[in-house]
Amino acid sequence: MIRLSLEIGQTQKPEAILFYILAPLSVLAALGMLIVRKAVHSALLLAWVMITLAIFYIALDAAFLGIVQIVVYTGAVMMLFLFILMLVGVDAPDSLTENIKGHRATAIVAALGFGGLLISLIGRATLNHVSVGLAMANEPGNVQGLASLIFTQYVFPFEVISALLITAALGAMVLAHSQKSAGARLSQRALSSVRFRGDSLANAAGLPSSGVFARHNAVDVPALLPDGTPAKNSISGVLTARGDVQDSTQYALGSLPKVDDESGDK
Amino acid sequence: MTSNNLVYLIALPLFSSGFLMMLGRRADKWGHIFATLISASAFGIGAFEFLQMLARPSESRAVTQKLFSWISVGTFQVDASLLLDQLSISFVLLITGVGTLIHIYSIAYMSHDLDRRRFFAFLNFFIAAMLLLVLGDSYLNLYVGWEGVGLASYLLIGFWNQKPEYATAAKKAFIANRVGDVGLSLAIMIAFATFGTVSFAGVEEKVSGASTAALTGIGLMLLLAATGKSAQFPLQSWLGDAMAGPTPVSALIHAATMVTAGVYLITRSNFIFDNAPTAQLCVVIIGAITLMFGALIGTAKDDIKKALAASTMSQIGYMILATGLGPVGYAFAIMHLLTHGFFKAGMFLGAGSVMHGMDDEVNMRKYGGLGKLMPITAITFGLGYLAIIGVPPFAGFYSKDKIIETAFNSEGIKGLFIGGAALLGALVTAFYMTRVIILTFTGAKRWDEKAHPHESPFLMWGPMAILAIGSVASGFLLSSGNRFVSWLAPVVNSHEVEHAERFQPVVVTTMALVAVLIGVAIAIAKYRSDVPRVAPTNVNIFTKIARRDLLQDDFNEAVLMRPGQALTNFLVATDERAIDGAVRTVGAVVIGSSKGIRKTQNGFVRSYALLILFGAFALLATIWVVTL
Amino acid sequence: MNPYIPILVIGAFGFGFGVFSIVAAALTGPKRYNRAKAAAYECGIEPSPQAQGGGRFPVKYFLTAMLFIIFDIEIVFLYPWAVSFDQLGLFGLVEMVLFIGTVFVAYAYVWRRGGLEWD
Amino acid sequence: MSDTPVLQYSFLAPILIVLGGAVIGVLLEAFAAAKRRAVLQLTLTLGTLFIAFLSLLRIRNLTSAKAAMGSVMIDGPTILMQGTILLIAFFAVMIIGDVDNFTAQASAVPGSDEEKSALQAGRQQTEIFPLTLFAVAGMLLFPAANDLVTLFVALEVLSLPLYLMAGLSRHRRLFSQEAALKYFLLGAYASAFFLFGAAFLYGFSYSVTLSGIHAAVIGGTANNIFLLIGLTFISLGLLFKVGAVPFHAWTPDVYQGAPTPITGFMAAATKVAAFGAMLRIYYVTFAEANWNWRPILTVIAIATMLVGSIVAITQRDIKRMLAYSSIAHAGFLFTGVIALNKAGLAATLFYLLAYGFATIGAFGVITLVRDSSGEITDLNRWAGLGRRSPKIAALFSFFLFAFAGIPLTSGFIGKFAIFTAAYESGNIGVVVVGVLSSAIAAFFYIRVIVMMYFADDNGDSLTVVIPSPLTSIAIWVSGGVTLVLGVYPTPVLNAINTLATFIR
């Protein structure tokens, strides 16, 4: 199987090349995420970082994890972030000025220090150490290996995770779902009884759809009744409220300009 | 030999003083009589014991009584027990005898005073304390009496403490005594350290073994105690002001008994001083200095009581000087002490009756010509006067003459020098005592208009008469055939050792008489003409200094008081700033750091996250260092 | 032949197709600006005035997204199970039924409390 | 494939019962009628906790052993800790039962008319009961976890409900939601560090179970840089959970923002669980490697004690002050943990029990002090409480004495045991700082008592509500326990000593 080794000097392996291309990109994307002004851009950059991570997982023989990363994490969680951004209002650029005195400076110092220390520590730890790949773990196949672990060795945590999911559901409902007063919405049965047992059956056959036959199917042009008068209920209430309704007579057959006097089509 | 009625000597007056104090107003009517009876009964017991002692052979005269074992800490054993030997019986008789006379005198003298009962309670307390002092068988018991006497003198000097200056006088006396007491306590401690015991007998046995340095130390400390109690140089400033107390107090305490406690102490510790020559030399020097000091002050004082006080100071100077002259001197010192007790108390009571007559006027310049109006007082005062200047048949002559003689006989130029000082002292004493007699009893009347002198009642001139008889006869009685010297010999083990005599006794006596006559002549010459009612101010520098008690108060203030106050102010300030400051700063630091740390809690998530990152960074840094 | 080559080729091909189509459309298409063309097409009607930048979306979107994630994670766990459930045998089945059961309780709660209705 | 896994159900009974109860709670939430839902939930929750405690008692003296394929270790300390957690949760739920500490509808925007209509309608967020049960389940699992995976899952199960419930306070909802968000963000942040550490530990020992890691530690072949990094980040995650100093910043805001019953529950029960896990990790896995990590953690312990007690002095809000005092107590407990001897283990367990009950009682009392607009936590307005309701004020003073460690209270015995253990382990500096910070702490505890009794009553509209029967039971029982543990602690101490031996 593919062995990725970080020994310096063996660059010709494709994973190494892949890593040297993608790693700087994802670091840049991560930094961009911090610096960029618009929220959506930073969300997208985050998505990019996740995708590169997924690629790394796959490169490291953890195919299942890579896929899950893309499907669940990038797919669902990133979408959740975007929804939240929309919820909060996408165009509101958050100001990047820092009002806590000296916060940015210490943050940078701490981050650099933390990173530097980690790099030197891990460097010191991993230099000239043979890194063991997932060969042994993947022997029954990546997913099968995982499955055997999850469902035998860690069966109890797996069951407890369901508790996590329920808590998440509870939380979502508690915080986001506002209980509409039950009575407000009519149930299916109530709606049909209103339609057919109401006082008049005028609308029982359903409302005429808007637009004039074969001439103009715009939503804001009312349909013509058999006697040629526009049908008011073929336009949605919103448009009449907004007064966007156009006069359908202008599209009546009679009033169209003669076709013959224009030579050559448009 | 033990006897079990020594304790009554002390218990009776002590109990009666407590009883009178407790009863308060109810005891006013009979309180003073009760106190006087108690004092008289004490005198009776003393006399009985004296007679018993006389009957016993000389070597077994001492009598002891063990009350209870006071301190028993490991090897340190001190019993509260009493010792009555020849030395202490003479004191007992003096104290209770003169004391009773003064009690009688006070009945009349204090008749118009509201707190008479309290006065007599204090007097009884004083008698009890003084008896304990002289009867104690160890330095510690003596120390208890010593303190009691100091307290009694404070209470009695400050008896009329409505006047602020009397109260300060009492405080001054007490403080000066306390300084002396420090000396005594140090002496006791050193004694205990070197001998392991503080009883006189115990110390006497071990004294030969001790190092002279320790002995000198103890001797000097005892001397310091004596100067404090007996108003010797350098702690003599309080005696003049002590006259603020009622005259009987001055008579009893500041003439006859308390001030002689110092002499008793040195005499009692004769075994220490005999083995510590340097200490003995200091005693002599102190005696000589105080002798001249008192005499000079006496010449310039217009207040009759202050003049007598100055003379007491110089007479005690004589006694201290005598005790410093070796074994033989102790007996003459005590003899002079007894005779002085008689005539000085007599003169004080005389002064008291003069003041009584002149409604408490003390300035002699306002007396004059009282001899005719107060004949008895004049006679008794005169006899006392003759005794003190040392005219032959009277008591003063015998005792003072012996002191001057032994002074001259002591070896080396020291003898000459001290003898000369004693002689000069005798001259000046004669001068100022004659001055007092002339200003008070002879010459033109210089009274204020409203003064109408009259003779004192019998209750007052009675005791004065007895004392006058005492001052006449006591000298002869005590010294005839060296009776008193042999009486005291076993206590002060002054076995007859012949000294190389510089002068024959008769030569010394003639010299002394000549000096006295010169003094009297000068005084008569100076004060025979009219005496200005107001003390002249354009006097030479010496009189000015003498009037201000040879600047002793200014000296004390400058050297002791002001630096003391400065020190206390400094300590209070440092305590205020340093210690309280430290506590306050600790509090402030904690509150300050609390405010500081609170600032990190600014409510922003990102700064909390930064704090966590910083924590992680710190941990990593430590690992990085650890695994270098 | 290194197995990575095909991945590279397909990646490049996909990427190239996307880029080519956009570029070609931009280059060849006529550029006649017309207000109606620029307007947002809302089934033919005039678009109702929108807050600049899309405005705020109702919270329902968030709720739905959240619920999606929960059941998405559930699927992720189903995936390995599905792959090896024959080796796991009965115990695996019971395990998964329990897991699905509990998450179903969450689903019942959400459905019952009206979390899934839209308006 | 491997043989079918066998789960020792009897050992897992308490956790499973609580989980089951929670799931049933959710079903109740879905299907029970709104009006009767609160009562049903309360009885269900209390019942579940009670049955769980019974099941725990049943297995208490069985030989302790691994359960659930080695992912859960039920040994003496675990049983003690699970018992403490269940007891504390039982009485905390009694106080939580008084539901009007919680907002009527969490999803309503604070101050909107929707919220007002919800309040009028008297709607209740009864989801708090299943959430509490889930949290308790997490807490039961946390100290029992025997490998890093279970540990992390337990940490998340424990934390998620708490993040949620922190935001449900009825009084000052915006501040409460802000507190919940802070707790969530920083919680996630710390969990990230925790996972990072776990990864390194796996890298170091090629095994995720604690015993596996321990084997590698003793083996000493693997390079210990990974061990140190892993250990540091794992402890960072745990220290955050407990509120040790560099990671304590969330505690004051969250304790003040969260509804008071939840703050009480959080302050008491989470500490028990977190310290349980910490004890297991340090005693079981890293005991032998203690020469290098002990100084760092001693510094943290000292800093925690000092900061906790010093900053509490200048606090004006009672909940915030108790938050800082809980930081200080975390410091004391941490001293017990790093004592690394049997006495330290026993002392920490006892202190957790004592501190837990005192906290529950104290916060219970705080829920009672209210005026028309809701809870009063500003200290100045507590002046004169002693006169207005002497019983409650006396009880609160007693709890404060317990915190300060005054003799005749459980606090004193706890602190005494901890300091002796620390002293035996040769850690003198910590003991000195501990005593110093207790002295400082005594100041601000007594200040509250003085404020209640001696400050004159400024005629405030503040009234002490008549407590609902459940709340009063909870408060008086915790008071009783604090007194009993203070006066006659020997039976409890003996029980702890017999059980307090870790199994690898």
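As written, the chain order gives the labels A, B, C and D, with residue 1 at the start of each chain.
Keep this in mind: contacts are C-beta pairs under 8 Å (C-beta built on N, C-alpha and C of every residue); 3 or more make two chains touch, one makes a residue touch a chain.
None of the values given here were measured: they were computed from a predicted structure.
> Which chains make contact with subunit B and with subunit C at once?
Chains that touch both subunit B and subunit C, as defined above, are A, D.
> Look at the interfaces B-D and A-C and say which one is made up of more C-beta pairs in contact.
When A-C is set beside B-D, the one with more contacts is A-C.
> Pick the chain whose C-alpha centre of mass, unweighted, sits closest to the average of all protein C-alpha coordinates shown.
D
> When the C-alpha atoms of subunit B and subunit D are each averaged to a single point, how far apart are the two points in Å?
The answer is 80 Å.
> So the centre of each chain is just the mean of its C-alpha atoms; given that, what is the distance between subunit A and subunit C in Å?
Their C-alpha centroids are separated by 6 Å.
> Roughly how far is subunit A from subunit D, centre to centre by C-alpha average, rounded to an integer in Å?
So the centroids are 38 Å from each other.
> How big is the gap, in whole Å, between where the Cα atoms of subunit C centre and where those of subunit D centre?
40
> Of all the residues in subunit B, which ones touch at least 2 other chains?
In subunit B, 607, 614, 616, 620, 623, 627 touch at least two other chains.
> Of all the residues in subunit C, which ones touch at least 2 other chains?
Each of 59, 84, 87-88, 91, 102, 105-106, 109, 113 in subunit C touches at least two other chains.
> Taking each residue of subunit A in turn, which ones touch at least two of the other chains?
118, 121, 124, 148, 152, 155, 161, 163, 166, 168, 170, 173, 176-179
> According to the definition already given, which pairs of chains are in contact?
A-B, A-C, A-D, B-D, C-D
> Where on subunit D does subunit C make contact in their complex?
1, 4-5, 23, 26-27, 29-31, 107
> If you look only at subunit D, which of its residues touch subunit A in the complex?
Checking each residue of subunit D against subunit A gives 1-2, 4-5, 7, 12, 19, 22-23, 26, 29, 68-69, 71-72, 105-108, 114, 123, 125, 127, 130-131, 134, 137-138, 141, 149-150, 153-154, 156-157, 160-161, 163-164, 167-168, 223, 225-226, 229.
> Give every residue of subunit B touching subunit D within the complex, in rising order.
590-591, 593-595, 597-598, 600-601, 603, 605, 607-609, 611-612, 614-616, 618-620, 622-623, 626-627
> Where on subunit A does subunit D make contact in their complex?
Touch residues, subunit A against subunit D: 118, 121-122, 124-125, 129, 148, 152-157, 160-161, 163-164, 166-168, 170-171, 173-179.
> Mind pulling up the subunit C residues that touch subunit D in the complex?
For this pair, the touching residues of subunit C are 59, 84, 87-91, 102, 105-106, 108-109, 112-113.
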